[in-house]
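Consider the two complexes below, in which subunit A is the common component and subunit B and subunit C are the respective partners.
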Partner chain A sequence: MNKQPGTRGLIFNEPQLWDKSRKGRCAVSLPRADVKRCQLDASLVGESPELPQLSELDVVRHYTRLSQWNFGVDSGMYPLGSCTMKYNPKTNEVQAARQGFASAHPLAGDEFSQGALKLMYDLEHLLGEITGFPAVTLQPAAGAHGELAGMLIIHAYHAKKGKQRTKIIIPDTAHGTNPASASLCGYESINIKSGEKGILEPATVAAVMDEDTAGIMITNPNTLGLFEENIKEICEIVHAKGGLVYGDGANMNAIMGIVKPGHLGIDVLHLNLHKTFSTPHGGGGPGSGPVGVSKELIPFLPVPRIEKDLTRYRFVTECPDTIGRMHTFYGHFGIMVRAYAYILSMGGKGLHRASQLAVLNANYIKESLKDTLNLPYDRPCMHECVFNDKHQQVFHVTTMDMAKRLLDYGFHPPTVYFPLVVDAAFMVEPTETESKENIDQFIDAVKAIVQEAQETPELLKKAPLLTKVTRLDEVGAARKPCLRG
Partner chain B sequence: MRYLPHTKEDIDEMLAKTGLASLDELFKTIPDALKTKAPLNIPEGLSEWDLNEHMESLASTNIACKNYKCFIGAGSYDHYIPSIVPYLISRSEFATAYTPYQPEVSQGTLQGIYEFQTMITELLGMDIATASHYDCGTALAECALIALRKDRNASKIAVSSLVHPHHRQIMETYLHAAGYEMIQIPRTREGLTDLAALGAMEGIAGVAIQSPNFLGNIEDLSAFKAIADTQKILFIASFTESLAYGLLKNPGSCGADLVAGEGQSLGIAKGFGGPGLGLLAGTQKMMRNLPGRLIGKTKDANGDDGYVLTLATREQHIRREKASSNICSNNGLNAMTAAIYLATVGKIGIREIAQQNHDKAVYLKTALEMVGFESVFDSPFFNEFVLKAPKGFARKRADLISNQCIFAGMDLEPYYPELKDHYLFCATETVSKKDMDQLAKEVQ
Partner chain C sequence: MKEISDLNFSENVKYTKDHEWAKLNKDIVTIGLSDYAQDQLGEIVFVELPEVGDIFTKGDEFGSVESVKAVSEVYLPISGEVVEINGALEDNPELVNEDCYEGGWLIRLKPDNLLELDDLMDKAAYLDMLKG
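Showing the complex of A and B:
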C-alpha cells in the first residue's frame, strides 16, 4: 500500500479570542476624524460592545491557527455524498474580487450596472441550456431556498388555477430539506417508498397521486446515486391529475450534457451552484440555488427579473403573478460570478466530460469496494454510491467508526447515516476532480480500515487519533447547550 | 481541461474495472429516449487568460470599476475593510470546507463561528445568536414565522412601514403561502413608526420594527416593547446597518425577543447586494424555535474543549416537515468574515468607527442644508437621513454619477410615492470632509 496522506504534525493550541484580549489593543487603523464630533442624545447611546481587544498579529495568528484545524477540499479528498465537493478553482475567486463586481452597490441603477446585469442574464441562459428550461431565476440564496422558491411557484400555480391543493408526494430517496420546504407552503408530506431497485415505481406514485395533491418532489439522480428511470412516466401520472413535478437538481453533476431535466416533464428544478458549479462551500455557505421552470411557470418566478431590450439590460418588477421577492437584492451575486467563470472555463464539452468522469469515478469505487463493504443496491450508479456496515456489525464496528478512522488516513469521510433508506449508510461521492491515484489511495484506506475492523476493532472505536480533538460529546452539548463564550 | 486529471490510460483502466467498454456505457441505465441528442450549446472552454479579459470587460461596464463616492446606503453600506480580513478569510481551509459535520476536522470553522455567535450576542445584547442566515430580509421573515407559530390565536404580524421595503416584500412572499397576513404600521410626520397605531391593532402575533429605520431615523424600541408586552406579543427588532450598534443602545437592552439584522457592514464587500450576512438572535426562551445552525461548546473524549453543531433536533434533516425552518446552508463564510472584522476593530475600533459615521452624516446633512436642501425630519439618525432636494437636483444627480462617479443619495419616490423629491443620503467613515464639501459645491 502506498503511503497514506494522513500523518501526525505540529499544530497549535489557540484560546478563544477574549482570552487573548488586553485592554487598549486595537487591530484596525482608525480613519482620521476630519469633522466635528457630534454626540447623540445620551438616552440613545449604549455601552461600547465588549469585543476583544487585540493587535493585528494576534488576529492573524488566531485565524491562521484556526484554519489549520480544518479539513477542506484543498487539504484532501472530500467524498461527501450528495455534497459534490469538487475542486474550487482559484481563478473564480479572482473574478469575483474584481472591483467592478465586488464594489458594486446594488441600488446604483441599471444604467450603471450593465456588466453585472449582463453576467446574470447570460448565466440564466447558460443554466437554462444545461437543464433544458426556458427560464431561470438566480435569486435563491442556497439550495433549500431554491426549493422553497420552487414550492412557492407550485403553490402560486395552483392558486392561480383556482383551487389550492393540500398534499405533496416525497419519496424516501429525496433530500432532507424537501419536507421542510414543502411545509412552509402548508403542504402535507405524503412519504412514499422507492422500489426494490432503489428507484421509484410508477404504480407507487399512481396509488397516492390525486387531485388534492399539488405534485411530487423528486431528486434525480436520487440520493442512492441511481437514475430514476421511470421519471417520464411518473411525470405523466402527476400531470394527468393536474399536479406538478419538482426536481431537486442537487445531483446535476452526474448528468450535464447527458440529460436535460426540463425535457423529461419536470416543471421546476433547483440547482446548487456550490455543488455542480464549483463555488466553494465556505464551511456551510454562502451558496446559491437558482431555479429553472417550464414555460407555463415563468409568470410565477420571483422578482426582480432581468430583461434585455436590444443591447441594454434592466430589472423588471411588474410581474402580476410573481411569488414575490425572495432576497433583499438579487441573490448571491458573488457566487454567480464564480459559477459563470466556471462554466466559461469548462465549456459545453468540458461540463459533459466532468459528468462522465464523476460517474466513472463513482462506479470505479463501487466496483473496487463492493467485496469489501456491503452494497445494498448493486446497480450501475451515477455520481455516488451507497454502502453500509452490514459486514462489520459482527465485530461491533459501525459506519461511524469507519468514518472516524478514515480521518486518520487523511480523508474526509463520506456522508454517513444518509440516505435514510439505507441502514447506516456510507455514501461516497468522489467527484470528477479526484485523480485515479487519489481514488486508489482512498480505496486502499477503506480496505485497510475494514481489515482493522476485524483485527483491532477497539482501535476504530477510539478513532480518530491524529486529529486536534478526539470524538466530541454531542449528547452533552445538546443537553446543556453552551452557545456563547 | 486543467481541473480534470484523468489520462486516457486512467480512463481505460477504470472502465476495465467496471466492465464497461466506453464512458457512454456508464449511462446505460438511462433510457435512450431520455438522453439529449445534441451536445450542450455552450462554446469551447476559455483559457484563464481569455477568461480574465472577458470578465474584466464585463466588470468594467459597471461603474463600480472606478473609485466612486458612495453617498447611498439603503441596506448596502460602503465601509473600510482592513486588509487582513479578506486575506485571512481566503485561507482555503475555511473556504473549501463543507458544513462541519465531522467536528474533529472542523474545529477551525466551529470555534470561529462560536466566537461569531458570542460577538453578535454582545453587539446586540441578546442571549443567543445563530450561525447566520442568508440576509436580513430572510432572517426577518423567519422571525415573523416564529412569532406566528408560537401564537395559536393570531394569524397576523404587524410590521413597520419603515422596515426596508425589500424586507417587507420578502416577508409577504414567505407569509402569504403559509396563510398568514402582514399588516403595516403607518409612519408619523417625524419619520418614525406610529406607536399609537400599533396600540390599536388586534389579533397580531408580533411586531417588527427596524431601527435605524429605512429613513435613517432611530426608533424608540423600548416604547414598542412596552406595547408588545401589554398585548402579550413578540417584539422583533431589525436593522440594516450593524455598525449602528457600535454606538446605539442595543436591541436586547430595549427588550427585543428576536432580532434580525444585516451584517454586510462587518467586513463584507457590497458585491452587488450579495452574499451579505443575515444575523438572527433571540432570547433564551426562543432557543428551540430558532432556525438554522447553532454551534455549542463541549468536551472531547480526553476532556479537552471542543465545538460541535448542536440542537439539531430543530432542523430539517432530523425533524423533516416539523422543522423550525428549511434552511441548510447558511452564509457561514461571511459569518467568519464578520467575526474576523469584529475581532480586528475590537471594542475601541467599533465605537470610534460608529461615532465617525454619525459625525460625517451630521456634517453632510448640515452642508447640504446650506446649499438649499430641506430638512424633513427632526428625529435623531445614525448615518442615513432624508432631505428634500431643490428643483433640478434629479438631473444634477444623474450628471454627477456619469461625469464624476458620485452617487448623491437615493430617490425615495419609488418606495414612498408621497416622498417626491426626497432623497435618502448616507455618509460613512469612507467619505472625507473634502468629498462632502465637493458634493455640496456640485449640487449648489
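Showing the complex of A and C:
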C-alpha cells in the first residue's frame, strides 16, 4: 500500500484570545500625536470597548494554530458527496482582490460601476450559455436561497395565470433542501419514490401530477449520482398539466458542456457557484446560487436586473411582475468575480473536460471499490457514487465508523447517511481536481479500513485517533446540548 | 444494528408496517415504536409529539423521531384524539431506545373505531414481514 497522507504530528493547544490578553500589550506602537488635542462632544464620549490586548505574534500564532486544526481542500482530498468540494484556484482570489472590484461600493451608482456591472452582465450570459437559459439572476446568496427564488418565481407564474396551485412533487432522490424551499412558498410536498434503477419513472410522476400541482423539483443528476434519463418525458407530463419543472443544478459539475438543462424542458434552475464554479465552500463561503429561467419566466426574476443600452450597463427595477429583491444590493459580488475568473480561465472546452473528468473519477472509484463496499445501484454513475455498510454490519461496523477512520488516513470523510434512499449511505464525490494518484490513495485507504473492520472493529469504533479531538459524543451533544461557553 | 433474532417483540401489542405498535388498555390505546424501529434509527436525540386534543386519522403523521442519522416521521396506526403524550421523552428521548414498549411510549389516544386495531399485525405476522 502507498504511504497514506495521514500521520502523527504535533498540534498546538490554543486558548481563547481573552485568556492570552495582558494589560498594556499591543501589536503596534503608534507615534505620539503631533496635532493639538481637541475636546470631543461630551455626548459622544463613553467607556472604550473592552478588547483583548495582545502582541502581533500572539495574534499570528492564534490564527495559525486554529488554521492547523482545520481540514480544507487545500490540505487534503475532500470527497464530500453532493457538495463538489473542488479546488478553488488561487487566481480567483487574485482577481477578486483587485482594487477595482474589492473597493467597489454598492451605492456608487451605475455610472461609477460600469466594470462591475459588465462583469455581472457577462457572468449572467455565460451561465445562461452553460445551462441553456435566456436569462439568469445572480442575486440568491446560496443554493437553498436560489431554490427559494425559483419557487417564488413558480408561485408568481401561477398567480399571474390566475389560479394558484397547492402542491409540489419531490422525488426521494432530490436534495434535502427542496421540500423546505417548497414549504416556505406555502406548497405541500408530494414525495414520490424513484424506480428500481435509482431514477424516476415517468408513470410515477403521471400518477400524482394534476392541475393542483404547481410543478416538480428534480435534482439531475440526482443524489444517487445517476442521470435522470426520463427527464424529457417527465417535463412533458408536468407541462401537459400546466405545471413547471424546477431543476436543482447543484450537481451541474457532471454535465457542463454536455447537457443544457434548459434544453431538456426544465423551466427554472439554480446553480451553486461554490460547487460547480470553484468559489470557496462551507466555512470559506459565502456562497452564491444564481437562477436561470425560461423565456416565459423572465418577467418574474428578482430586481434589480442588469441591462445594457448600446455601450452602457444599468440597473433596472421597473419590472411589474418581479418577485422583488432576494438580497441586499446585488448578491455576493466577490463570489461572482471568482466564478467569472474560473469560467474565463477554463473556457468552454475546459469546463466540458472538467465534467468529463469528474464523471470519470467517480466511476473509477465506483469500479475500484464495488467489491469492497456494497454498491446498491450498480450502474454507470455521474460525478458521485453511493455505497453503504451492508457488508460490514456483520462486524457491527457502521458507515459512520468507516468515515471517521478515513480522517486518520488523511482524507476528509465523504457524505454519510444521505441520500436517505440508501440505508447508511457513504457518498463519494472526488471531483475532477484530484489526480489519479490521490484517488488511488483514497481507494487504498478505504480498502485498508474495510480490512480493519473485519480484523479490529473496536479500533474503528474509537476512530479518529490521530486528530486533535478524537471521537466526539454526538449523541450526548444532541441530547444535552451545551449552548453557552 | 442487531439481528432480528436479537430484538425484543412484545406479545401484547399490535404492529404496523411502518414499525409503530398499538396497545389497548380499557378504552385507551397507547402507541410507540417497535424494537426494530428504534434499532434501525439508532440513538434517538429528539422526539417531536403532537398536542393533547389533536385529532388524527389512521395513517396520519403525528410526530417525528430524530436520531444522529436522520429524522423519521411516525404514523398513527388508528384514528382518534390524543389524550396524553409522554412528556418524559422531552428530557430523556433515549427511553425510546432503552424501553420502547413501556417507558418509551409516545402517545395515548382515544380511538374512534376499535375495529381498526384488527387491521394491525400480531407478533408472528410482524416478524414474518421483517424477515421478508
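The rule we apply is simple: the second predicted complex is superposed on the first by the 446 of 485 C-alpha atoms of A that agree within 3 Å, B and C clash if a C-alpha of one lies under 4 Å from a C-alpha of the other, contacts with A are read in each partner's own complex, and residues count from 1 in each chain.
Definition applied: contacts are C-beta pairs under 8 Å (C-beta built on N, C-alpha and C of every residue); 3 or more make two chains touch, one makes a residue touch a chain.
Because the structure is a prediction, the values reported are computed rather than measured.
Contact with neither subunit B nor subunit C is seen for A:Thr372 once the two complexes are overlaid on the shared chain. When the two structures are aligned on the shared chain, A:Arg353 is found in touch with subunit B, with no touch to subunit C. Of the two partners, subunit B and subunit C, it is B that touches more residues of subunit A. Once the two complexes are overlaid on the shared chain, A:Leu44 sits against subunit B while remaining clear of subunit C. Applying the stated contact rule after C-alpha superposition, one finds that A:Ala478 touches each of subunit B and subunit C. When the shared chain is aligned, subunit C comes close enough to touch A:Gln393, but subunit B does not. Residues common to the contacts of subunit A with subunit B and with subunit C across the two structures: 474, 478. Those residues of subunit A whose C-beta lies close enough to touch subunit C in the complex are 393, 417, 420, 424, 474-475, 478-479.
Residue ranges on subunit C touching subunit A, taken from their complex, read 1, 43, 45-46, 66, 68-70, 93-94.
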